[in-house]
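Next up, some structures in structure tokens.
The following pair of complexes shares a single chain, chain A, combined with chain B in the former and chain C in the latter.
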Partner chain A sequence: MTLIMNNETVIAKTRQSRTIGRDLTGIGAILAVAVVGYFLFPDNLALLTRIIAIALLVLSLDLVTGYCGVATLGHAALFGSGAYAAGIAAAHYGITSPLLMTLAGILGGAIAGLICGVIILRAHGLPQLVLSISLIYLFHEFANKASSWTGGSDGLSGISPDPLFGTYEFDLWGQTAYIFGVFLLLSVFVLLRVLVRSPFGMLCRGIKEDPLRIMAMGASPKITLIKMYVISGAVAGVGGALNAISTQVVGLDSLSFTQSAEALVMLVLGGTGSLFGALMGTLVFMLFEDYVSAANPFHWLTMVGVLLIAVVLFAPKGLYGTAAGFIARRLEKRT
Partner chain B sequence: MQTVFSIAIDAFAYGMVLFVISIGLSVTMGLMRVVNLAHGAFAMIGGYIASYAAQHLGLGYAVAVLLAVVGTVIIAIPIERLLYRRIYGAPELTQVLMTIGITFCIIGIANYVFGPTLKTIPLPPALQGSADLGFRSIAVHRLFAIVCGLAVAGGLWYAIEKTAFGVKLRASVDNASMAAALGVRTEIIYAISFAVAVGLAAFGGVLGAELLPVEPYYALRYMVTFLVVVSVGGAGSIPGALLACLVLGGIDTTGRYLMPEFGEFFFYLAVIAIICVFPRGLAGRAR
Partner chain C sequence: MSAVFDVLNLKKSFSGLTVTNDVSLSMAPGDRVALIGPNGAGKTTFVNLVTGNLRPDSGEVCLNGETVTKIDAIGRVRRGLVRSFQVTRLFQDMTPAEHVALAILQRGGRAGKMFGNFLSMPNVMDEVSALLAKLGLADLMHRRVSEIAYGQQRLLEIAMALALKPKVLLLDEPAAGVPQSDTGRIEQALADLPADLAVLMIEHDMDLVFRFAKRVIVLAAGTIIFDGSPADVTKDAAVREAYLGSYANANHAA
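The block that comes next holds the complex of A and B.
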């Protein structure tokens, strides 16, 4: 009996150390990519910062789509709300400290997440998809109409964030914004790793697998999913705020259907249900888009289409899922 | 009174065009459970073929329409064989991704072949001008669209409710594996309904070219509208789709006439309200 107990604790310990090892590898990989990006594209830090902001959006989409199984084509509503919240705080209320602006973005995103969650979770399947599309158009039209607050189709300008910690200015080269972005991404990543392994994260996965059974166990799927939506909104809000701080302007395109659809494409390209997949999909798609649209602006949509079809046909689990499966098979063969 | 009447006619015509395009989507979605975001792209292909036939080949309107329908079906068949076959029964997310990919490809190709400009389909003299109804005159083209929409609705109703094919189709919608066990060749049913759906989409694209102008981003711009119609009506239901088209066409047209500065705000507000009250659509059945 004690032997079995001992064995179990040993297994639990090795599993724990393995997941912590994976966490450290993840943090190391993000830092390494960030440093490599900094030295490879020193003149294009704005693009890299934008990739980080979009990566936060895709991570937040992964929380509801990958972990909870909610299909949505309107997730940019949360991202855009965060961006506008940060922008309005700076432009109309004079809150120009970058950390406070990020906080405003988190709040804005979380509130938008609450609204979207309550509405989107009313339906399933195709109607759910259509609800999410309608919501993003509604947000878009609303931001367009409320032009005294949002600047309408001209975009919200007049955002000038203070230097970070009073010393590091957000300059034209975007070094501060980039390092600030990497820092935000790392902290969000660590928090999310903890979140998806917590009992709450497990409950969300359970709801994705079988909501009926979760209900029979005494938990409420709806309230859990709405909580997850609020968390997801906060994460997307960080991304939005980062975008507002780094570009110093918020446009209507941050609340667009196209942005939502692209985020979903990036997520599925990388692989749903894993944070690494979300990051990888964003990185590959954004670099691909940047490269192809610069090389051949007329054909880039066709290329993206071909890429999507190829992913569905040949790597249905996404790039990360397929690569991880391949490596796991190789390791199994060796042992 | 004048405004109310013209809004009503425009809304009716717009609703009918929407119906002709989306009914195929509704039937295939109810039958094959595929979220087909590329349906609008097939309507766009129809519009392009008709425009090319009428403007460059100098063919008549009727021939151009026929060519558009046949040509689109011929283009769609290999796409169905090679790509759609693989996503039947796949998770929704996969279907969305695949069909968005197809849409992007078609948009890119259309942009390359035909250029980014608007294409028009010249109307024959018989459809131009306006008809006098005694108390009011309305554009003949609107009337034509309404008549075509009603004819399609009637024809589909007859085919689905009264013919042997319709019986098999309904059986496959309700329970595909059971229908197959009873000797219904479901693959053939699938292929025929896909072809009819694509053909109707092409016809609707030509018919509605005055209201929904043909250009490369047509597929993306109106895709959402078609999906909304199907989901508000309830996938697989003809009366539901008809009702949804008339209601949504009415709301959209009224909004455009009376409050153009609000854009599509009221359209999407209505969609959210309807789906929140009827999560399975107006005529959706519990599964």
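The block that comes next holds the complex of A and C.
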């Protein structure tokens, strides 16, 4: 008996250290990619910063879609709300500190997340998808009409963030923005790793699999999912704010159906239900898009389409999911 | 002893077919009741009505003297009415330890905690280990559910229900689908249930029913046709009629 218990404690301990190991690997990988990117594309840091902003959107989408099973094609509503919140704070209220702008983005995203969550979670399956699409069009149209605040279709300009910590200018080279972005991404990644492993994260996975079973335990799937939507909104809001700070303009496209659909495509490409998957999907999709659209401006969309079909057919768990499964099987064989 | 669980004149029909017909029953703490009846008698429907998963056409459900008919399923669980399912509903990628830990935290209203991990919560893990050890699942506690045998999954269902510290426990065929050789462990778990817990068990295995129950209720076509001691149930003419009349079909259906 004691032997078994000891054995179990050992297993638990190994698991724990393994997850911490994976956290450190994740942080290391993000940093390594960030450094490599910096030296590979020194003249195109703006692209890398945009990749980070969109990665935050895709992470945010993964929280509700990958971890909770919510179907949505309107997730850019949260990202765009964060971007506009940060942009409006700077352009209309003179809140130009990058940290405060980020905070505004978090708030704007969280509020949009609350609104979208309350509405989208009233339905399931196909009706849920339709609700999410209607919402993104409503958000888009609202931003378009409220042009005295948002600049309408001209975009919101006049955003000039202060230097970071009073020293580092958000200049044309985009170094500050890039490093700020990497810092934001790392912070969000660490917090989300904690979140998805917490009891709350476990509850969400349970809801995705069998909400009725969760109810039979006395927990409310509805309230849990709405909380997750608010968190997801905050994460997307960080991405939106980063975009506003780095490009110094916010356009209606940040609040568009296209952006929402692309985010979902990136998530599926990388693999749902894992933070690494979301990051990998964004990176591969956006680099591929950038490279192919420059190399072959006429057929690049076709190529993106072919890539996607190949992934969905041959690696249905996404790039990361498939790779992780492959490595796990190899490791298992060895032991 | 005063009742912890009261059902008054519960009725339910599905598009004209009456599945629960004026069912009333009352249980006190410590009761061990078996609810039996041919397949399709309405046993599972009864459980669903009581737990709030289905809405009755009329009738009342009371817990500890409080009428909960208008309270939703979640509210009833929080008031101590817990069920298990006829077919196990577990999370395939999670471990038994995670299942039970989640239930323990939920009981304390802490399942929504957004930081920390079960494995680093010694109080929770102690209770998890103790509960799983009692059910003979100690050495499986960190396996995935998809890797453990069905009989063990059934035990885990019971463990999850117990982790919620219920006052009334409804077990829908806890041994269904388990090979005969493995039912001993489940029977032991049933015998070890807390003494002050009121338990209503639906079961087909009559040996199990006779060893477990102090009181047997027979449901046929949505109506209670017998409510009495196990010793009397086999002698009852109406029960024989209902069972013999439908036994052949029931056995085939099952």
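Keep this in mind: the second predicted complex is superposed on the first by the 334 of 335 C-alpha atoms of A that agree within 3 Å, B and C clash if a C-alpha of one lies under 4 Å from a C-alpha of the other, contacts with A are read in each partner's own complex, and residues count from 1 in each chain.
Definition applied: contacts are C-beta pairs under 8 Å (C-beta built on N, C-alpha and C of every residue); 3 or more make two chains touch, one makes a residue touch a chain.
Keep in mind it's a predicted model, so treat the numbers as computed, not measured.
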#### Entry: Room on chain A for both chain B and chain C (clash or fit)
fit
### Query
Who does A:311 touch here: chain B (first), chain C (second), both, or neither?
first
### Query
When the two structures are overlaid on chain A, which partner does A:92 contact: first (chain B), second (chain C), both, or neither?
neither
### Task
Return first, second, both or neither, reflecting whether A:216 touches chain B, chain C, both chains, or no partner chain.
second
### Query
Looking at the overlay, what does A:22 touch: chain B (first), chain C (second), both, or neither?
neither
### Query
Draw lines from the C-alpha centre of chain A to the C-alpha centres of chain B and chain C: what angle do they form, to the nearest 10°?
80
### Message
If we overlay the two complexes on their shared chain A, which of chain B and chain C does A:71 touch? Say first, second, both or neither.
### Response
first
### Task
Name the contact category of A:205: first (chain B only), second (chain C only), both, or neither.
second
### Message
In the overlaid three-chain picture, which partner chain does A:194 touch, first (chain B) or second (chain C), both, or neither?
### Response
second
### Task
Using the superposition on chain A described above, determine whether A:224 touches chain B (first), chain C (second), both, or neither.
second
## Note on the structure
Partner touching more residues of chain A, chain B vs chain C, is chain B
## Note on the structure
Shortest Cα gap between chain B and chain C in the overlay, whole Å, is 13
### Task
Using the superposition described at the top, list the residues of chain A that contact chain B and also contact chain C.
none
#### Entry: Contact set on chain B toward chain A in their complex
29, 35, 83, 86-87, 92-94, 96-98, 100-109, 111-112, 224, 227-228, 230-232, 235, 261-265, 268-269, 271-272, 275-276, 279-281
### Task
Would you tell me which residues of chain A are touching chain B in their complex?
65, 71, 73, 119, 122-127, 129-131, 133-135, 137-138, 141-142, 144-145, 257, 261, 264-265, 268, 272, 298-309, 311-313, 316
### Task
Please give the residue numbers of chain A that touch chain C in the complex, ascending.
1, 4-5, 7-8, 11-12, 15-16, 19, 194-195, 197-203, 205-206, 209-210, 212-213, 215-220, 224, 227
### Message
Quick check: in the complex, which residue numbers of chain C touch chain A?
### Response
51, 53, 73-74, 77-78, 82-83, 85, 89-94, 97-98, 101-103, 105-107, 110-120, 125, 129, 133, 138-139, 141-142, 160, 164
